[in-house]
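Per-chain numbering from 1; labels A, B, C, D and E assigned in written order.
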């Protein structure tokens, strides 16, 4: 029934790809609740594609081919993300897929790529569950969120060893009940498990994404008289919670909101004095761009957008670049060949640690150190960990606490 | 003498059920007219037509000789038509006083609020005692008094009473009729729908008997009282 | 003659109000029992109790030897006591034939009984129409047909004659009489239209303010002074 | 521990103020019109955006923009009634219809907010956003106190309006028996319109107040609507005292449940309460007492 | 063997013919995989919309919480496949049964509520279910969800299963409406008390329909989990999911036999189109549709098409659509 196909084609499809270009599909939350971050990823993707095409395109077996991004809006809905991936692969006939943002979307979308046998490189899914399924076609550029809290704990541990924090330190872990939050908590628990006697988890509670009132939860934290306040939250919850935190007069020796904390938007919404000394642990930071390709990326980004990149853009840029490298190394558009090259990829990277690979033992999820930043009273957020990248030793305990 | 109220050949009903078939009646100033008939004959429907709660399909209702067709139901109280509906229909969660105050909602009545308040309290002294009680907590008789008082608060020229003695103890019924008589003495014009045929014909000036939506009998109360047709209509003998 | 429906001391209180107060009732098989009384006397409440839609505050009632007190409405209907409603309540979303068939089937009777009931009520020709298209009299007949479709032993007719024109009222009266004489159904009926009750009922009960004030044959009842007082009202006491 | 309990109690009281404001309009509209205003959530969101926009554009303090927002929202409510709700069939059938119709309006409003303001989370930062006052050893947020104060004043004013003015009494009377009102000369349609406007204005007030406490986006209002349902069902329709007590019960239950169940499930408590009350006391915890 | 009274040859032939034609599409017409997948989703959505309609349309009890049943069925089936390695179809059945029982558990007491009260209660049930399931990590995998094994060729298989499920949904819809049972349901919807007075046991019938609706909803949810090879609670059990069933029912025609199926088709197609082209508009569009339907055409698209058909002289049988 060709007419049915035609109907669907009319409704949804675009022109078939020409032979001299590579069409790469992707979805991002461009509208809806995650649209801001989706926009950041788009900036990173766009930059990588522009850069590649400025050189005349990708070098595929000696032939220059332009890379074209076919980007759709998944509105941060899981079923939509999966359906659109299906559409990109089976109707728009894209040759490769880049991933969307946030773990549960990546988890749903990667199934479609796996079933269709098409390389799927994502920079938006950090939950390790995604990579435990033994998928062949899935590559993840976000290091596990466990390592995020792990890096945080390492810095804390260095402070405790230096005698700046009590031993044992009493810990409150508050995590948003999402894949991200669960992994964050796991990271803390793993670390505490390995350092018995140094840390005591006194509060371990989850909360709902976009939960409105944290009064009772923070009351519980207050009542538990902990030293370390470790939370993992999305931006709105971070702002709401930190506001209540400040008005309740809470103060802890160390405070963190996971990957959040240094955003300009948060500082604006909360006031600079209310985000002082908050630690955040992220996949990337513009301060890393002192030399080499990292500096190149930061300069390029600044020239294009007129501001410094955050980790979202960097990861997105690097995700697209990784796929490009895979294609160029394969010298072909053949899915299987590109997949093999991606699996064996070993390249210099803008990511912390300077290297990128998708090791088989982690289910093709990239592993690299996180960078921990800390907000300072002057509004800056220097890197405090790992030591080799640190611009400042960091401050602990919070000197403002009485 | 023109009639205060005239119902002229009215057809009316609910949905596709026609209840009234060309009902005509007149109430002249200062009269008590009673509307008699068995259940379902169309008495209440006639009253609802007069108040505008339903609109006639044919015929018209005239008040002071002018047609009410274009007058919205909530404006008829302002003209001086007040209905005491069957089953009282008070606002149970409002106090007696609030019920009375709201009875005087339209502008003309609001101006003479305190005067009317005194008047109804003189008529039903019991309501004064129950002033701040919720209307829903009153006894049946008190509720009926409250309903009549509420209607009087709108300073009506014509008072329509729908089954005021329904479900009341005999002694309260007596009080009720006494109050009606008192109102009549004060010059009020009344249209009374009543089950208690004997009592109704005793106080009324004239009466109409309706059967299945049509006026069957009409005449002076005294004449009706002795008319055997009434007893037949009611008891089937 | 044996007793079809029997009630003892049936009472219903609503808050402080005794709507029905200790009513004793006996319906003999194949007879029509008229239940009369002024507005608000408690007739409809009594019906609702007998039909199971209102639980009695006290008292019991029986169909033959079987006690029905406390059963839900649908069980009482299936047992063979079915009511009609003063304000007709047809199933608006069903055609006439469906209205009656559903009643027959729900009581475990042959669906064909529905068709017969419709024929009996003279509505068979209009079976595919919806109840809204009928006149009030038509809907009253439908109400009765629907009750008859359940093959009841006892029919409770709540004001089936009131509110229709005289010709229709006569038709209705004829229908009720046929239900008793041809189908052998025992009937309790309340009615405001006196000629109808007087001509139909074998026996009359008079209710006033929830209490039974008189009973007897129609001839006895119309001569009973307490009935006349309740009905036409006493003279105003002045 | 005692300090903790005190903290929980105090914060529950403060929260209850917002809950009551949020819920009152919903109960009022249902009590008088028998219409479930699902667009309540939409108007909460709209109120939040209005306060945010005024602050963002003109630096107007959210508490100062409340009067303007109230007036605008009132007009929106009046238009919604006149343009849409009035066309619905009255009575039981209208109940579900109104639910769906106003849900449609909410979706349109939400979509409009996405188009105009994008899906980004917004917050309002004022000089006192994080200020707090000491109270019995606890810290009380100035904002929360202000919200509580506005809520008290609003509920008090509503109570006076409904019990002392002619129009207020008419609103209560219409809720109990509209036909009697017509007979007494009360313009029932106009009362309906007024009530709908009032309820809508209250929803937007709750939204404007919430900007001081929470970050929000176009999806804001859904949780708030559900909590409003809980309060309305607990407290009866449109009773000021009932609403206040119900809001307090909900806030206390939510706050104190953290002592016995995981924090994540505390918001489920409200929903379970909602269903239980509906099933066990269909008239609401405080009965069907309508307005007063 | 005589077919039951409710059975009609013509609609049965049309529906069956359509099903056979659709089943032959992938091998014969070689439709694209994408088209095939969209059709699969449409089939299961049709079945779910019809199942919602049994309660919302046939009984007039509009549920805003059917995602709870859809999701629960999905989770039970997924959990059984992952942990107990139950075969897919068996797991679906189990998911459906659990969802049906769960529907009875909350529906039996709440069905006594009428009109908006029932709807409000279902919102509460839906949200509470979502929160509890998200919390129950061991059962649902928590907010990160669960992945089912990805098997080759499953999607084509699911295409045919989807047709079968939609077919059963359509047949059940006809049966529930056209059999004596359907008359009883309509009688209950018309007037619960009067229905009791002629011997209709409304409680038992309502419970039965509720169970059926839950069962079908659960199976659809289980199917959905298999289709995506993934299930997580936040969206599967979310309010928006519940709302989508209401949309399909209302837009297609609440209470009509096949209206919700039409609504489902429109929903899937329109949503798919809008989300790809104007993702920011589709919510508002459904809002507008909802308002228009409620105000002008209570029977939705079905009512509209009947109106158009009447314009062209078609006389529908009086019992076709109510």
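The rule is simple: contacts are C-beta pairs under 8 Å (C-beta built on N, C-alpha and C of every residue); 3 or more make two chains touch, one makes a residue touch a chain.
Quick caveat: nothing in here was measured; it's all calculated off a predicted structure.
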Can you name the chains that touch subunit D as well as subunit E? A
Chain of greatest Cα-centre distance to subunit E: B
Farthest from subunit D in C-alpha centre terms, which chain would that be? C
List the centre-to-centre spacing of subunit A and subunit B in whole Å, with centres computed as mean CA coordinates. 78
When centres are defined as mean Cα positions, the distance from subunit B to subunit E in whole Å is 55
Between subunit C and subunit E, what's the gap in Å when you average each chain's C-alpha atoms? 43
Would you mind listing the residues of subunit A that make contact with two or more other chains? 31-32, 177, 206, 208
Would you please write down the residue numbers of subunit E that are in contact with two or more other chains? 131, 134-135, 280
On subunit B, where are the residues touching two or more other chains? none
Just spell out which pairs of chains touch, all of them. A-D, A-E, B-C, B-D, C-E, D-E
Under the stated contact criterion, what part of subunit B meets subunit C in this complex? 16-17, 19, 38-40, 140, 163, 165-167, 170, 174, 177-178, 194-200, 202-203, 212-213, 231, 233-237
Residue set of subunit E touching subunit D in the complex reads 60, 62, 106, 109-110, 112-117, 119-121, 123-125, 127-128, 131-132, 134-135, 239, 243, 246, 250, 280-281, 283-291, 294-295, 298
Contact set on subunit C toward subunit E in their complex: 51-53, 72-74, 77-78, 82-83, 85, 89-95, 98-99, 101-103, 105-108, 111, 128-130, 146-147, 149-150
Note which residues of subunit E are touching subunit A in the complex, please. 25, 29, 31-35, 37-38, 41, 131, 134-135, 137, 141-145, 147, 150, 152, 154-155, 228-230, 232, 234-235, 269, 272-273, 275-276, 279-280
Sort out for me which residues of subunit A touch subunit D in the complex. 31-36, 177, 205-208, 210-213, 215-217, 219-220, 222-223, 235-237, 239-240, 243-244, 246-249, 268-271, 274
